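In what follows, structures are represented as C-alpha cells.
Both of the next two complexes hold chain A, though its partner changes from chain B to chain C.
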Partner chain A sequence: MSSQKKLVVAHAPYWHDGSKISTKNYHIMIAALPAVLMGISQYGAPALGVIAFAMACAMIWEVVWNLILKKPASVGDGSAAVTGLLLGMLMPATAPWWVIALGTLIAIIVAKQIFGGIGFNPLNPPLLALAMLVISFTGIFDFNESLRHYDLGFVMTYPLADLKAFGPDAISKFGLGDLFMGRQAGAIGSTFGLGLIVGGLYLMLRGHMRWEISLSFLAGVFITALLFNLSDSAKYAGPLFHLFTGYTLIAAFFLVPEDSSSPANFIPMLIFGAMAGMMTVLIRNIGAYVDGVVFAVLLMNLCNPLLDKIRPKAIGKVVENA
Partner chain B sequence: MIKKSFIGLVKPRLQYNLIPDQIRDLPVPSKVILLLKEPENGGRASALKVGDAVKTGQRLSAAPDSDEYVISSVTGTISAMAPHVGTLGQRYTAITIDAGSQDEWDDSFNKTPTLDTGLKFFEYAPGSPSFKAFADPENTLRTIVIAGMDQDLLLTANQCVVQNEAAGIKSGIDALKQMTGADRILIAVPENLVQQANTTGAEVKVVRATYPNSLPHMIMKDVIGRVVSAGDTVEDEGVFFINAEAVAALGTAFETGRLCVTKVVTVAGKDGSTTNVRARIGTPIKDVLQACNVSLNDRDRLILGGPMRGAATYSEDLGLEPDTDGIVVQDDADSAQTTDYPCINCGECIRICPVKIPVNMLVRFLEARLYEDAAAMYDLHCCIECGLCSYVCVSRIPIFQYIKLGKYELSLIETAEAANE
Partner chain C sequence: MSSKNGQALAFALAAILLVVGVVCYAAFPQKTPEEPVRLMLKSTAGKILFDHKTHTDDAGYGIACDDCHHEEQDESQSCSGEDCHGPDSDPKRGDALHTNCKGCHEDSGAGPVECAACHIM
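Moving on to the complex of A and B:
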C-alpha cells in the first residue's frame, strides 16, 4: 500500500487549548507593569535602570548557561525575563549594578538552572536571590539608608522598619490610602498596592495564576495580623498595615504562586498560602527581620513536596489493606 | 481547534457536537480493503486466496475454525492479500476485494438470535461490538448500555443513528435480550435525543454534553453510579457497552436477513465542518474524502476517530474500519505540536482531570520510565484516556502518549511475567 501523500502521524489529542509557557510569562510581565511604571515614575531613571539591567542580566545568565551546557536555548520562554523583572521590582532604586548582576546570577543559575531549569526549582528564584543578598549586603536593602537622598513628597521612612523600631505609635503618620496608592518608601515595584492588585486580578481571571494561593496568603497575613493586633494593639500593628506594606502584595500575586515551587492540589494550595502568610506576620512581629515575606515563602517552598502529598483519592483507585 | 477562553479562571468546557448532520449515502466503491486479524499462533490465511469470488455479507476467515473473520461488504473477487501492522503491532492481513457491479447476498446468515450468531457474524458489524465478553465465563453481564452519543468531540455517527433509526434499535434491543440474556438495557443519549430514545423501549439516561461525559467509565460513574476500579474494564463490573449503530445493525439484520455492511462515519474537514456519510465498510478513505470534498495535502493529519482520542494514520489508502466513527482532516498549521519542555507544575492538568489523577507527578515518573512506580503511587491505571491533560498542558508535553506508553509497557511486563510462571 503506497501513498502519494506524505501525512504527519502523531498521537492523540490533536487539539490543544493554545496555551504556551511564553504566553503565560508575557502575561505575568504585563500584569507587573502598573507597579513597575509607578516605581519608575517615582524614582526616575535609576529605577528604570535597575529593572532593565536586572532583566537583561537574567536573560544573559540563562543564555550563558545554555551555551556552557550545550542545551537548547530556553531564553525565549520568558521565564528568565520574569525572574529578572521580579528581582528588579524587589530592589531599591539605588541598588548598585554589581548587586543586580550577582542577584540575577543567583536567581538564574543557583536557584533554577542547577536544579534542572524551568519547572525544577524547589525554591522561588527571585526570593532565594533576594534572601542571599539581604543577608550579605544589609545596608543596600535597608530602605531607610538606601533611599535617604530621595524626597518624593511623602514620609520617606520604610514603614516596616519604623514599626519594628518604634512600635505602632510610630506608624500613625502613614495613612492607609497613601500606603495603598504607593506613597511609601520601599522597593521599586512593591509599593503600589493598587497596581499590584490590578495586575494580580488580571492574572487570576486569565487563569495564569492560582488564585487559591494568593488569596489564602492574603488571608493568612490578615488573620494573623488581626489576632496579634487584637491581643495587644499597643504592641502590634493592624492587619491592613501589614497588607499594604513591605513585600506583602507583590509576594501574594507574583512570588508565592510561582508554579514550580508551590503545590498544585487544592487543599495544599490553601495550606501553603495561609502558612506563608502566617509566617510572614510572625517574623515581622516577633522575629528579627523587618520584613518576613522572603523567609516565610522560602520556608514554605521547602514544605511544598510534603504538602502536595495531600491529594484527593483518584476515582477508581483501589486501596489495598485498608 | 477550541482555544482557551479569555477568562481562563474557568475550566475549558469542550462541548460535544449535538447537531447530527443528515446522512448521505455513498455509492458502492470500486474496491474495499478489509483488515483481518491474524490468529495469535501466527497462522497465515489458508482458506482465502487471491482470485476467490466473494459475496456481500460473506464471512471470510483465515481458517474454517478460526475466531477471527471479516464480513465482505461487496460482491466481487479478492484481488490482493498483504500483511498489515497496526499501531500497537497487531498483525493483520489486508484483504482487497474488487467490487462487481451487482450485490449478491450470501445466505449463510441464519436469523436465530443466539450468542453464537453474535460471535459468528456481528463482531465485524459497524461499531465492532465485542460479544466475546459474553462468552467469557468469568463475567456475568446483566446490564447493557447502548451508547447513543459518540465518545469523541465532533462526531455524530451514533447520534445520527438514534435520531433516524430508533425502530431498528428497538428490534436490535429485542435481539440483544435474546442473545445475551441481559435483563437491564439502558440507552445513554444527549438531552436532545431523549424523545427518539424513548421509542426504543430501553431505559433512557441523559448524558451531559461536555467532554468526557460520554466515555464508558464516566457513564458508569455518573449514570449507573458504579465506579470502575483502576485497571478494570467496564465488563468486569458486569456492564456491556455497545454502540447504538451496532444495535441498529443487529435489528436490521434480524429483520431483513441481511448483515449490515455499511458504516456511518462523520467526516470533518479542515475548516471544522462536518458531514455524515454512510459507506460500505472497507471503502478506501480516499474515496470517502473525495465524496465529501475534503482536501488532503502533504503534512496534513488524517485522523481516524475524533480529535481527542483518535489515531492519526499514514495513508489514505486504508479502508474504513467498522469501528471508525470519524475521519478528521487537520491542516498542518492547525495541528497541536508537542514539545520536550519539562512540566512547570502549573496544575492545569490536575484541575481538569475527570478522575483526579495527580498528573503533574505521574508525568514525571512516566518521563523517567518508572512505569511500575507510576502505577503504584500515582494512579496510572485510573486514567480513562480522555486526553484532556495534554489538551491543557502549558508545556505541551505529550502526556496522553506517555500514559498510553506506560500502560502498554506494563502490559508487556505482565505478559512476560505470566509466560515465565
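Moving on to the complex of A and C:
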C-alpha cells in the first residue's frame, strides 16, 4: 500500500443533506415568502420595490465583483439573492433606493466577497450592512418616523421604540395576538411572527437550518426577558413581547443560524444562540439602541471561532499512514 | 439543475427583479398625504411623535384645524392673546405647542403633560 497521504481533513462535524447550495438558498427564499408577502400586502408597491430592488442589487454587485476579479460567476448559487432578500426584509417600506444600493454593496462586497465569498464571511452579511446603515442614517431606520404617513388600521407606533421611550405602561395597547399576526409597525419582512415561524419550521424540517441555534436564541431572549420582567415588571416588558417584536423572529430563523458566521459543534451552537438572545435583551433593556438584535448577533459572530474551539474529543487515535 | 441552468435562472431573476424594483420606485414614489397621519416633531429635547389624525378625526378628538393652525386667522387677532399662547408672548413653535398641547391635556384631564411622556429622550 502506498504511504502517500490520500486525504487530509480538518475537525468539525460535517453535515450534508445531499442538496446543493442553490437548492438550499431557493428553499430559504420560499421559507421567507409568507413574511414577505404579508409585508407587501400591508405596505403595497413600495415594499415590493424595496424587496425586488434589494435582491436585484445584491445579485448585480456579486456579478460586478466576479467580473472585476475575473472569477467564475457565482450568482447562480442563490446566495446573493438570499442576502438581498433578507436585507430587504429588514428595511422599512420607505427606504430610499440609494440606501438599498449602498446596503447591498456593503453586504455583498464588504461583508462577504472581501473575505473570500460564500462560506468565508465571519459576520452575517445582511446584519453587517444593516448595522452600518442604522448608524449612518438613523432617521430612515426610526420606524416611527419613516412610517409616519401610513395608517394600516392598527397601532402604528413601533412597539420597541414605545417600550424604550415610555416604559411597559406604553405597550399595554399592543395585543400579543396582533403582534404575532403582523399587526404592528416595523420592517417589511420582520413583523409577521406566524409566517416567520412557519418558514423557520420548514427550513428545520427540510434540514436547511440548525434548530439548535434558532431555539437556543429564542430561549436566550425568553429567559433573559423573563428574569428582567420578574425583577421589575414596572420597568421591563414580558418575554413574549420581546419574542414577537423587532427583529427577534426573523433573526432566530433566518439570520442567527447563517452557516458561515455560526458554530458547527453542538455545545457551541447552544452557547452562541443563547448568548445572542441574552445580548439582544440586554441591549434592548439597558443599552442605547431600541432593538438589540443586530449588534448582539454581530458580537456573537465575532466569538464564533472561539466558541468552535469547544469540540468533542476525537474517538480513537490517529495513526499516521494507516 | 445544472450550474449553467442555475446561472441562467439567476440572471433572469435579477433582470426581472430589477425591472420590478425600478418600476415600483418610479411609479409609486413616497408622497406626503394632504392631511398628515402622524408628525415627527424634532426638538433639542428629543423627538415627539404627534398623532395628527387622532386629534383631528371626528372619531378621535375632533379638534378643528384653526384651533392650532392660525395661518388664516384675522390679522387683528394676536398670537399672544389671553386665550392662546399667553400674554406678552411672541411664541416660538415650541412655546406654542407646549401651551396648546399641555393646556388642552390639562383642561381635559387627558393626554400626557410630563416631559418624558411626549419627548423621546
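The definition used in the following text is that the second predicted complex is superposed on the first by the 298 of 322 C-alpha atoms of A that agree within 3 Å, B and C clash if a C-alpha of one lies under 4 Å from a C-alpha of the other, contacts with A are read in each partner's own complex, and residues count from 1 in each chain.
Please note the rule applied: a contact is a pair of C-beta atoms (placed from the backbone, for glycine too) under 8 Å apart; a residue touches a chain by one contact, two chains touch by 3 or more.
Quantities reported herein were computed from a predicted structural model and do not represent experimental measurements.
Of the two partner chains placed by the overlay, neither chain B nor chain C lies in contact with A:S190. When the two structures are aligned on the shared chain, A:S19 is found in touch with chain B, with no touch to chain C. Chain A is touched at more residues by one of its partners, and among chain B and chain C that partner is B.
When the two complexes are overlaid on their common chain A, residue A:D259 makes contact with chain B while staying clear of chain C. Looking at the shared chain after the overlay, A:A45 reaches chain C, while chain B stays out of its contact range. Residue overlap on chain A between its contacts with chain B in one complex and with chain C in the other: 77. For chain A in complex with chain C, the touching residues are 22, 44-46, 48-57, 59-60, 63, 73, 75-78, 81, 94, 97, 100, 142, 144-145, 148-151, 156-157, 161, 165-166. Of all residues in chain B, only 1-4, 6-10, 12, 82, 84, 94, 153, 217, 221, 227-230, 232, 296-303, 305, 307-318, 328, 330, 332, 335-336, 338, 341-348, 350, 354-358, 360-361, 379, 381-382, 387-388, 390-396, 398, 400-401, 404 touch chain A in the complex they form.
Partner chain A is touched in their complex by these residues of chain C: 1, 3, 6-11, 13-15, 17-18, 20-25, 27-28, 30-33, 36-40, 47, 49, 53, 116-117, 120-121. Contact residues on chain A toward chain B in their complex (touch as defined above): 1-3, 5-21, 24, 77, 116-120, 204-208, 210-211, 259-260, 262, 264-265, 308, 311-318.
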